[in-house]
Structure formats: structure tokens, C-alpha cells
Amino acid sequence: MPFLQNLSNALVLACTYILMAMGLSMVYGVLKILHVAHAAVYTIGAFVGLLAYGWFGNFWIALLVAMAASGLMGVLIYRGVYFYMLDAPRTVPLIASIGLFVMFTDLLQKDFLMGPYQQALPVGGAGMPRIRTEYFSMTPKQILIVLVTVVLLALVYLILSRTRIGLGWKAAAMDREMASAVGVNLNLVVALNFFLGSALAGAAGVLVGVYNNSVFATMGDLPSYKAFIIIVLGGMGSLPGVIVASLILAIAENFLVASVGYVLPRDAIAFLILILMLMFKPHGLLGQE
Amino acid sequence: MSKLSVNQVSKQFGGLQALHDVSLETDREILGLIGPNGAGKTTLFNVISGFLPPTQGEVHYDGRSIHRFRPHRIVEQGIARTFQIVKPFSDLTVLDNVLSGHGMPFYPSWRAFFRRYHTPLTRQVAREILELTGLTAWRNAPANSLPIGLQRRLEISRALATGPDLLLLDEPAAGLTAQEAQDLADLIRTLYDQGKSIIVIEHNMAFAMSLCQRVIVLAQGQIIARGTPAEIQNNEQVINVYLGRKA
Amino acid sequence: MSEYLISVAVFVGIWVSLALSLNILTGYAGQVSLGHAAFFGIGAYVSAVLAVRYGQSFWVDFTGAILITGLAGTILGLPSLRVRHDFLVLATMGINFVVVALFKYVDFFGGAMGLVNIPAPTLFGQPFRGGLPYLLLTVAYVFFAWLVSWYISKTWVGLAFQTIRLDEDAAAAVGVSSPRFKIYAFGISAALAGGAGSLYGHFIGSVFPDTFVFVESIAILSMVVFGGVGTLRGPIVGAIILKAAPEMLRFVQDYRFTIYGALLVLMMLFQPMGLIGDDSWLWRNLTRPFRRQTKTSPESQEASQ
């Protein structure tokens, strides 16, 4: 009985991971930069979602506004910072990303922004139904998360496989110089990439904020660490890998905590998986290098 | 001098058979390894120099079985190689690049902790090598500031610094002007006169034929001909392979 | 010198030696680590355990910390043999996390409450926790770390480190075994970090797991890169500025980290080689009077023929 319930809960958790990690994977796929500042766009999404919900009173509008804000922030980060470091040694964009992360985390905690305490995001179920079977049940919020995730993933899939931008992205991910040489507008592709990836993270932030009814300045830290682990697990730059890896991680966390929870905290599970992965299967379960 | 013996070496990558039943022996000569693109020449070098293990077959050098050795141990045996796409230590000076090869005897031992690498003696040895390869004027320049032709010479200088008896040169003449190629050929002949054995992978036909004493032709992972340059040039199979016709 | 300034100086000294230690791993050998605080922590904890649970004198604690952390470094450095670059960064992050979790959840290490009542070091029977004597001890250690770094850079080991940083395949082709030298780099840098940890623990008198979290690893790496990764002066300057600045900038207390973050971003945008790294504006101007007249480069000589 709890098995299916655990599975259902894991699915919901996995959705939030997928949205967060997908964006990170998209950035890494093209730029090969460890975008630590991704945590910031997640949090900004939640914050803007909170504000927008306050202004408009409608979840869906708030979600769209939040995604737009996060996406915009992502593009700014790219164009203002990473753009100048594309050919620098690895440590340069890494430290810059770290600098951005530290800056945003500090700024967001200031009173004029999010403040040091958590705030509520009382959205309720946004009109979603409740599922109740004898084996498991899903609350409206859970259904909301899964629904939004599926829709966004479908959108990403369509963009990547059907549009020219999407093709350009795939080319750039394989070989940036080559792609540029055959006429792919790298700047545009990467900027859109950042926009989309950051918007997804923003959506994740809103959804998690709604689910836990809580929004706070450092909420992005842990999800972004896990997102890194997920992209390693799934194969750096592999988008389907992100989905598989997110599911695996969410399931592992849910089930393992039930059995050996007291030995190590739940979050350490993620890191142990990371280390085991890197020792035995460094290119991820699905990735190619 | 020591004999290199490659015995029935095959190399497979998943479904791709890069080398099939390749055997050769060389000792104290300038041997050319030619063939169309994708024939497996560099793969063969990678197997001999320890960067790839053979799927089947063995490589022996000086009586020792070396096909299980990692690259750094191969260098210790006296086999040095250059790369098709040059790999200089970009931030280091030309001199330091050469010195890095000179350190080969020290790296495996604790003596590496107790010897300075920049001493009058080591600088002297390095300078002799740079004289030989014509890079003396550039010795203090960072390696990545050299034009491609000189970077190829740097590769060779660095390989020489490890004190090898056998040199594996992977397309050393690629991208060189006619004059540079001529100078390179002279250098290789000088090295031969000094007692070294050399295997050269080359695409540049004229270069290979005028330089090498013996030539082996590789196509699609297999040896299709061996002989002197004259014999090879008249070999119909070889001609067909290069012109794309079926043999 | 006031008590406060001496404290700041001791802290700065400890972090300078941490930065120097990471510089050997990341700057010389090119292994980017976002988990160096783990070694800092292991040193602090080994030292604390030896002092508190086994009653050893500071000098035993200190030496033990260096040796055991060095050993830990060679073991925890093993992932670097399998993975490179970005994967390694993530692996070191994970190692940091697991090490801290160990400190937090294993009772032997005092759990979340840490270990307290670490006695002050004594020299010939005289205890000296604060004040000038401890500062002198710290300065001596900084000098030691600097000396080790300088020495290594002059030997074949140092050259080997450079080769694996620049091109592992080419390094192998000149006889440098990457695994061997990566382990060397991890061992040496961990040992030095461990010594810093011991100094830290005995200065504060207690050790807590949260001091050694991932955020601290970021701070140490930032110091190295900010100052100029790979040079000897860079990590020293970087650590001094980034460690002392938040203290000195108390008037911007509220925005310390915003400024800190902004400093990192700006430095990477305008001087990615570091504040005082080779080819930085500052270094070029400081050394201008000392540079010999450069002869015309060989290519311009050839061109004019």
C-alpha cells in the first residue's frame, strides 16, 4: 500500500527536479559551464511568482510572469557575464558563477526583496482535482505539479525537435565552432537556451513554493546541488537522461529514507549516489562523451 | 638497437574494426606508414605507444612485451611519439617543454622531489636538442606563440628529450611549407644517423617516398603492401586504394 | 597590537596557508576542487580528537593532523583518476558534503555540537592561545606553506604538475604518470590544509562541522582564483583581501556578501588571470621597472630578412 503512494510522491518530487535540472543541462550542453547561479533564477521565480500572485490573484498568470522573469534573468546573466568568458579556462566562469550565486543569495535576503524569513504562497490547488484510489492518492497540488511539468516538457521537446532554434541548439551542443561555421546564430541560440532553461527553473521555484506554501531566499541551494547530481547521473548534456535520473533520485530518496533514514540525512543520499556514479560510471547512465 | 615487433594486432571499437591482424617489425631504419584517411595509422601508433590496448595481438620491444604498458611506461622503454594534432604545453616556454621530456627518468621515483629541473646541466642538454631542431631563438617563448611549423618541431624536440631509440612521428610534415618539409626530412635523417629508428606516418607522398627506406601501406585497418618506396609506387593495389578504385 | 587585530591576522594567516595549499592542487596540477574545506575540516577534527579524546599535546595534534589529512588526501583524491574537469568539481563537492555529514552524525566526532575544550598549545610548559605567540606560530606556518609551494615549483614534481594541468596525454608521452602525480598533488595539498585546520581548532578552542561546509570550499577557491591561480603571490594576496575585507568592511556589514560576490564577478570579467596573476594589469605595472629590454622577437627578425 505505501509502495504506490511512495511512488506517486516520488513522481511529484521528480517533476520538480526535472524542471530544475533540465535548465541546467541545457546551459551545460552548449556552454560547458557549471552554472552555479542557476539556484538564483529558481528562487527569483518563486519570489516573482509570489508577487505576481499577490497582484493578479491568478496562479496561471503568476506562473507565466515568474517564468518570464526567471528567463529574463537567465539571459542577463549570460549576456552580461558568461558571454565574455566562453573561451577562458574553466575556473573563470566557475568563479564568476559562484560570485553571482553569492551576490544573489545575499541580495535576495535583504528586506526590500525576500527578507530573511519565509513567506507563504497560499495558492491552493489552482482548480486541480484530487485523485483518491484505494492504493494511493494525489492532492490537487501534486497533480498541478505533474501537469505543469508535462506541459513544459512537451513544449521543450517541440522547440528542440521542430524549430530551427532547436536544431541550432543541438548543433551547438555537439560542436560550438562547427555550428557557428555553418551559420548557426550562436548568440541567439544560447540566449534562447538560457531563457528557456531559466524559465523552467523559475517554474520549478513557483511550484515548490506553492507545494510547501513557503518561499524563502535560500530555497534554491539544495535543489541546485541536486540538479548538478542529476545531470551527472543522467549524462552531462543529455536531456532524456535528466528525466531518468530525476526519477531515480526521487525514488531513491523516498524509499531509502523510509528504510535507512536515520544514518545519513536524506540529502546525503544524493551525494553518495554522485560519488558512486563518478567512480563507476562517470559518463552517466545515458550520456555519451 | 632494439627491435619493435607488432604481432597480429587487431583493434576494435564497438562495431568498428580499426586494425585487423597487423604485423610488422622494425629495427634501425626510417619506416614510412602510409595509407588513406581512416586507415588506422594513428590507431596503430596509439596501440604501440600505450594509449590504446590492442583487442588482440601483442607488441614487443627489445624482447619485452609492452602492449599492456601505459604510455608513460612505454616512454621509459625508449619509444617516444608525437601527435597528429600538436599538443604542446601551451603556457610553458619552449625550453620548459623540452625539459619536461628530459625529466622522464625522474618522474617515477622519489628523486623527482629532490632535483631541480632548471639547472645549468639540464639547460645545456635542452639547448643541444633545440639546436638540432632549429628552435634555439625561441627557447624562452611560450609554446603557444609558435607558428604551427615550429610547434611540430617542438613536439619532436620534446620527444627527443626523453632519450628514445625509437621515434613515432605522426604526420610531422602536415601544414609545412616545402622548405620546412625539406628541413624536417634532413632532421629525420640526422636522427637516423645518430642511431635512432623512426616510423613516420605521412600523407604527403613525395615527402614519405623520398625520406623513407621502407614503406608499409595500411588501408581499412589492414596492411596491403610493404616494400621500398619504388616497389610501393608501382604496386597496383596501392594505386587503386589511393584512387578509390576497388583492388 | 590589539587583541582584535591579532585575531584577524591569525585568521588571515590560516586562510592564506589554506589558499596556498589549494593552489598546489588547482593552480599547479590543474585539479579544480570545490571540496578543499573537507581537508581543512579533517585536519581540525583529527587535531581536536587527538587533543580532547587522547589528551595529546598540541605538537602531536598538529603533526598528526598534517600526516593523517595528507593520507586522507591521497585516498579522497582517487576520484580524480577517473574523472576530469567538471566531473571532478562535482565529485569534490560531494566528498566535502559526505565528510561534513560524517562529522555531524558520528558521535565520535561530537556530532552537531562539535568538539569543545581543546586546550591551548603549550611551549615548554607555557600555554599560549591568543596573542602574539599564536600569531608568530601562524606566520611560521604560512612561511612553511609558501616554502613547500616554492620548493615544489622548482623540482621535477612541479614541472610534472604543470604537464598534467596542461595536457594529460602529452604528459604521459613524456613519462609523467597522471595518476601518480594527481595523488601527490592531493596528498600534499591536503596535508597543508590539515595543518591549517589544526591551527584553527587550537586557536578557537573548538571545532564544529558547519565551519567546513561547501561554502567554505568556494571561499578558498575564490581566494586562489581572485588573486591569481598558479602563482605564489596570487593566493596570498587573494586570501588577505577576501578574508580581511569582510572584517575591514564592517561599515558595509549588511552588504558584505553582495560586494564579495560582485568582486568575484568583476574580477573574472576584467582580470580573469587574477588581481596579481601573470599578465594582470597590477603585476605588469609592478614589474615594469624590472623587466629587461626585450630583444626583438625571432619572427620579426626573420621577417626583416
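Letters A, B and C mark the chains as written, and numbering starts fresh at 1 in each.
Operating definition for what follows: a contact is a pair of C-beta atoms (placed from the backbone, for glycine too) under 8 Å apart; a residue touches a chain by one contact, two chains touch by 3 or more.
Not measured: the values here are computed from a predicted model.
Chain centre most remote from that of chain C: B (centre = mean of CA atoms). The central chain of the assembly on a C-alpha centroid basis is C. With centres set at the average Cα position, the gap from chain A to chain C is 32 Å.
For this pair, chain B with chain C, the centres built from the Cα atoms lie 40 Å apart. Centre-to-centre separation of chain A and chain B, using mean CA positions: 48 Å.
Interface of chain C with chain A (complex): residues 26, 32, 78-79, 82-83, 85-87, 89-91, 93-95, 97-98, 101, 105, 214, 218, 221-222, 225-226, 229, 254-258, 260-265, 267-269, 272. For chain B in complex with chain C, the residues that touch the partner chain are 49-51, 70-72, 75-76, 80-81, 83, 87-92, 96, 99-101, 103-108, 111-118, 137-138, 141, 147, 158-159, 161-162. For chain A in complex with chain C, the touching residues are 28, 32, 34, 81, 84-85, 88-96, 98-107, 110, 225, 228-229, 232, 236, 263-265, 267-268, 271-272, 274-275, 278-279, 282. Every residue of chain C that touches chain B in the complex is listed here, in rising order: 154-160, 162-163, 166-167, 169-177, 180-181, 297-299, 301.
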